[in-house]
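Per-chain numbering from 1; labels A, B, C, D and E assigned in written order.
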Amino acid sequence: MLELESVSVDYGAVKAVQSVSLRVEEGEVVALLGPNGAGKTSLISAVMGIVPVSSGTIRFAGQDVTFASPEDKVRKGIGISPEGRRVFSNLTVAENLQLGASAQPDKAVRAEQLAKYLEMFPILKQRYRQKAGTLSGGEQQQLAISRCLMSRPRIVMLDEPSLGLAPVIVEKIFDLIAELKASGLTILLVEQNANEALSIADRAYLLHSGRLRFEGAAQDLFNSDDLMTHYMGVGGAQ
Amino acid sequence: MRLRVSDVSKRFEGVTAVNSVSLDCSAGEIVGLIGPNGAGKTTLLNMISSLLDVDAGEITIDGRAVHNIGPRRTAIGGIARTFQNIRLFANLTVRQNIEVAFTTARRHRASALGSVTIERLMEQWGVAEFADRKASELSYGTQRRVEIARALALAPDFLLLDEPTAGMVEGESQDLVKAIMAIREWKGCGVIVIDHDLSFITSVCERIYVLDMGSLVASGPPSVLRDDPKVAEIYLGRKARRRLEEGTDEHRQSRQ
Amino acid sequence: MEYVVQQLLNTLSIGGNYALLALGLAIVFSVIGLVNFAYGEVIAVAGYVMFAVFAIGGIEYALVLMPIGVLAAVVISVTLERVAFRPVRYAPAATGLLTAFGVSILIKNFFITIVATRSKSVPTPAWLAHQIDIGIARIQVIQLLETTVTAIALLLLLLILRRTNIGLAMRAAARDFDMVRMVGINANKVIAAAFAVSGFLAGLAAIFIIARRGVVDPFMGFTPVLKAFVAAVLGGFGSLGGAVVGGFLLGALEVFFQLVLPPSIAGYRDAFVFVLVAAILVWRPQGLVGTKRQFGDKDE
Amino acid sequence: MNGSLRSLKGAALTALLPIAIALVVIALGDGAQVRILSIFLINLVIVIGLQMFMGNSNIVNLGHVTFMGIAGYAAAVLTIPTTIKQTIIPNAPFALATFQLGPIEAGIIAVAVAMAIALIVGVVITRESGISATILTLALLVIMHTVLANWVDLTRGMRALYGIPMTANVWILLAAAVAAIFFGRWFRDSPFGIQLRASGESRIAAESAGVNVRFLRLTAWVLGSGIVALGGVLYVYLLGSISPKSFYFDTTLLTLAMLILGGMHSISGAVIGVIVVTAGFEIMRFFETSPIIFGVQIPEFLGLTGFFLGLIIVLSMALRPKGLVGTDEIDESWLRRRKSGLAERR
Amino acid sequence: DGDIIIGHVAAATGELAPYDSVTGVQCMVDIVNDKGGVLGGRKLKLLSRDMKSDAALAGTAAQELIDAGAKVLFGPPTDDGLIPAGQIALPHSIPVLSVGSTQVQWPAAIPGIAYLTAYGDNASAASAAQFATKQGYKTALLMISHDVGSYSIATPRYFGETFEHLGGKVVGELNWNLGTTDYSPQITEIAAMNPRPDMIFSAFVMPDGGAFMRQAQAAGLDIPVFGTDTFDDPAMLTAAGAGSSLMNLGSHGFPSEGSALKAFYDDCSARGYKIENVFFGLGGEAVEIVRHAIETAGSDEPAKINEAISNIENMQGITANSITFKGRAGVPLKDVVIIQAKDGKFELADRILPDWVPAGDSTWKPANAAE
């Protein structure tokens, strides 16, 4: 469904992503892992089109969307919960969710999605008329995730969705991901929480210094002590 | 020295963010503050650092009231902090970022300053190599360390850390544990730390306080996390609880 | 008392003009944080286009000229956004301010070079100056129009901003442009829309200004926009309701000091007005309409 | 500390360019060119004064020219010979029409008066942040202008005051400009300057690090106003006459454009801005006089200077939104560029 | 001996531009040269520098022009630019004539070399007062402003002084501010005066005066509004629209049939110049004064030209039939034309050499504060 072919991203002299090829099939959950500064966020931003791709092509549902605008991509069915949450701080929770649904023309679907996420994250219901900027960090994260699902996209890219969340909510998020997966949604998941991510993903990519170091079944990465310790610092030794 | 928060409350139109919470922290102690999202942890920290006024209650250091005096006087009074969303001075260099606080310390906290220098702080926090780089050019983890170094440049009696491990990979969190332990050894200051990384919290804290919906629901040694069913219910969820019970090595455990 | 009623009506229409312009400034400020000092030139462009159509095209029907003027203001406003302000959209506030100054200098001197430093006349319809007797006072058509147009424009704007997606998107784009795009909205269009609305308001104000002055000149926008700035800040910059309140308040202050100051110190009118404005700002830094709140470490 | 040595060197480096320009013009230029140089040097002083508050506190200041005006008028009224004062401002308050001071005493008093007024209004202005503060500075400008225009007994209203001994020669102006560069750089790099800049980036974080934001803003405001005031004194000593029109929006915009165009956060930016705008302005003015170039008479085009000034501002802001020099001093960015080869990105 | 250079420190752009005229000067220079120049065949040459309505730049421009060999300087219309230019000219004894200024005190600032081309404001205001009295007006309201300078404050008070000297009464003063769009508060105020004044005198500038008259007329305030030369501009007529029927003014000259001004305008129109307003005529007059002085002095030496100008007596001018500088400290004695607007056109109503003129320096105290 989403296909990247030798995509590179530069920020001036900094080569954040170097010739990365990656694909996400329909209905799959794909984990994208890597330490700080690996280039995960840059890659996702490039897919969305908010940072320019310096070379390579991006295809979505068979179409070349390398140079399509972010808004077009969202309307085609790509959703994103970005790094740093990026809620509209001067709008209320309700207004944030309303904007999240912009790409969904069907009113009924919008209403249904709204009801669903307000139920899943009751805190959003309680803070419904509050300015999003004054929410706590974790509340904002929940809002960001709900917002991107409001339009019922075909694929979502979640950039560290568990960041700053209490364990109980993290659990909820992974339950949600599992549920979304079951309902057929395609998911590209960026996580520091490698274990959780790999346990839910079908396939995984490991990124380091802008280059791919692993691609394959999630379970294989999970079982590779070497890779995990070396790149993710998992296990305590560095 | 003892920082004491007594029956402090804060309301934001309609929301009681903090409801009559009391806690304390002594010099040399590392205290954890945990709780679900929106529990009021950051709000409590904001009140201790005087970024917010308390609606009721008081905050004292050795009996001297330090609430509602504004962030500047709080800082001079010996309370330093970091922010959940990193707030560095983006266009200043790492050295200058630290110097901002250091200047305050030199003028107002000379006696507490001892042998602290900007260079030493940068060494200690592993940012010396970036000394002349702008804060905005650093990676996330490095920024966090600069922020802590800046807070320490105040030679504080109490250090407040708001989610220092957020966005760090596990290896980095482990390093942070050591570094925070070292702060205590070095300056003997008290530390209050908020975090959602349980292995981090359990490894650094002697005591923890658990907040929920603005109220204190539990406190005690880190084991309350495991032992108090209420905490488990509101905060941990099934899996985290299971992991805690089974041991701390997350990676290996869950791979079985 | 007839005199008092009459002066109140005068105040309303003067304030209405300030309010229109303050609103136009506030909407752009609230969307991209730009302090648009080139706004006066948008007014001037509206005027000069009307002049050109009259002088070259020979058209002197107000009902044709006026819509053309408003349209010109919309077009220039949107064009300026595209060519001048978009490149500095993410830059520090001072940069946008200077770009606006630059645009202002450029347009002003364009008129000086191409047309003249001196004023040029634009025909205005006689019916605008007609007087309507309303019992105790007489009101001119133009005053009536100005007050009602302001009221309608404000209501419409508030409706748009509060109720429609594009209004929400405008307010959202103010904080995070890319994120607006990432929820599937063409944010460039949103910002262009804000400038279009701003230009529309300037066009309306321009019509009233020109109807009163009868001529256009390169410097015509300066004073009204200076006042509009003060009005916008008085009401709380970025707050649209505030801009309107600020506009009327400033109008009232001016008229008040115009009337009560004895001739020996009447020349100090602007100093009195601005001292009072400063006092209000110091008393309520968030503006008359905004509320002061504590945010702690959170963002507004 | 070695930091202050570095900023001293930086200031010297920054001052080199205006000094070189001045020496060349003095050696080779005609009367008019020396005059242009003089005004350039005065603008340098004013723009550095503006930079001190605006560049460090990150608050746009539209009111700096106020202090140029106050000091200019104070110096004028004090130095005009009593015989002239008796005819043009016989009713001047405080018996000002009855005595005359030398240019140095008068200059010192004028700057002191301006700084005292800056202190009083500064207490109010520095309370505010962002656009509110900016509009307060604008209000200040309008109020000052209105007072100058109306206080006829003292200022002669909009009519020019004249008879001021023309004591500003180009060497004095050069010395003042260089001193301003060093002072501005020293303040910027001093611990207080750094704290003030920090508060401009994040007020919350700065206060939490113990920064006394209001006090520092006020300090920068008063010192900066003092430098601008010095510029105003020199301006009247150069011109020999003075009228309120010189201290209003045109001057405000021009000096502001110089600062922002060069880069408001650094002294190098201020200097480069003044140089570039002055040079651009003079080049345009040359074309405006319909010169003959390569045998072709360029047609006269009034308003060309303004047109191009606008164009240059818009273009350079679009291409270099942070100003020509950027946020750092020139020497700082050189240093950084040299070092960045060493420190690699993780 | 090449061309004799006249340097013009011109307000070509900026807010003073309507009150200066590079083209009027240039046209007259062309005419003089076409007629064979001066001193038996030498040509005049005009160099102009735009001072952009900026005082400091006026000084620079003066220096440039003197460096370029100017023997005479023409200056901008206000003293803030004239004085720096004059101070630079003074050591060279180069005479400085302001083309458009009517400010009586400015020549005193640079004594000995400074001249107005126009009459002083006191003379024009006195002429207007004399005319108004003749029309039978008994009470007058003064509209003043501090924003423009002596022109907008002193001129109305000169008028008031003369008007009262001639037996009329000033019934009040109202303030106006430069750039005002809406004069309704003042108009309502005047309409409520009881009894209403017979006339209004103001020194409005362009285009504020037009706006005021337009709005006054629309509000049914049918009182004549007097002004001076800033009103003498076709743009003012159009700005005033229907309100131009209220307009009366005292100006420098009127291009009536057979007048020197008409001839000058016609000649210049034929040469392709565009006559904007009466300052075009003053520009020509300034050149004529200099030509006259050079011929009289028989030299192009600045000091000699200066001397000759100061001794001019009863010279035939362009706007005025007789110009005298001798014994007048730089402010010429000229007659004033009174113009009225009828059906959107200016008409000559009278030509007056005022019998009584108030002293040149008003203290600018408000008229009614004297009691």
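The rule is simple: contacts are C-beta pairs under 8 Å (C-beta built on N, C-alpha and C of every residue); 3 or more make two chains touch, one makes a residue touch a chain.
For each chain, UniProt lists the protein as follows: A, B = ABC transporter ATP-binding protein; C, D = Branched-chain amino acid ABC transporter permease.
All figures in this text were calculated on a predicted structure; none of them were measured in a lab.
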Shared interface partners, meaning chains that touch chain A and chain D: B, C
Result of counting contacting C-beta pairs for C-E and A-C, higher pair: C-E
Far-end chain from chain B, centres as C-alpha averages: E
Chain whose Cα centroid lies at the greatest distance from that of chain A: E
Chain A-chain B separation of Cα centroids, rounded to whole Å: 28
Between chain E and chain D, distance of the C-alpha-averaged centres to the nearest whole Å: 35
Approximate Å spacing (C-alpha centroids) for the pair chain B, chain E: 75
Mean-CA-position distance for chain C and chain B (Å): 48
Shared interface positions of chain A, touching two or more other chains: 36-37, 134-135
Interface hub residues of chain B, defined as touching at least two other chains: 42-43, 51, 83-85, 87, 139
Chain E residues counted as touching two or more neighbouring chains: 12-13, 146-147
Chain A to chain C touching residues, read off their complex: 48, 50, 69-71, 74-75, 80, 82, 86, 88-91, 95, 98-100, 102-103, 131, 133-135, 147-148, 151
Complex contact set, residues of chain C against chain E: 3, 6-7, 10-11, 13-14, 17, 109, 112, 116-121, 124, 126, 129-131, 138, 140, 143, 208-209, 212-215, 217, 219, 222-224, 255, 258-259, 261, 263-264, 266-267, 269-270
Contact footprint of chain D on chain C as seen in their complex: 29, 35, 84, 87-88, 90-95, 97-99, 101-110, 112-113, 117, 222, 226, 229-230, 233, 237, 265, 267-271, 274-275, 277-278, 281-282, 285, 287, 297
Of all residues in chain D, those that touch chain E in their complex: 30-32, 35-36, 39, 87-88, 91, 146, 149-150, 152, 157-160, 162-163, 166, 235, 238-243, 245-246, 250, 285, 288-289, 302-303, 305-306
In the complex, chain E residues that touch chain C: 12-15, 17-18, 144-147, 172-175, 177-182, 184-186, 188-189, 192, 206-207, 210-211, 214-215, 218-220, 233, 235, 238-242, 276-277, 365-366, 368-369
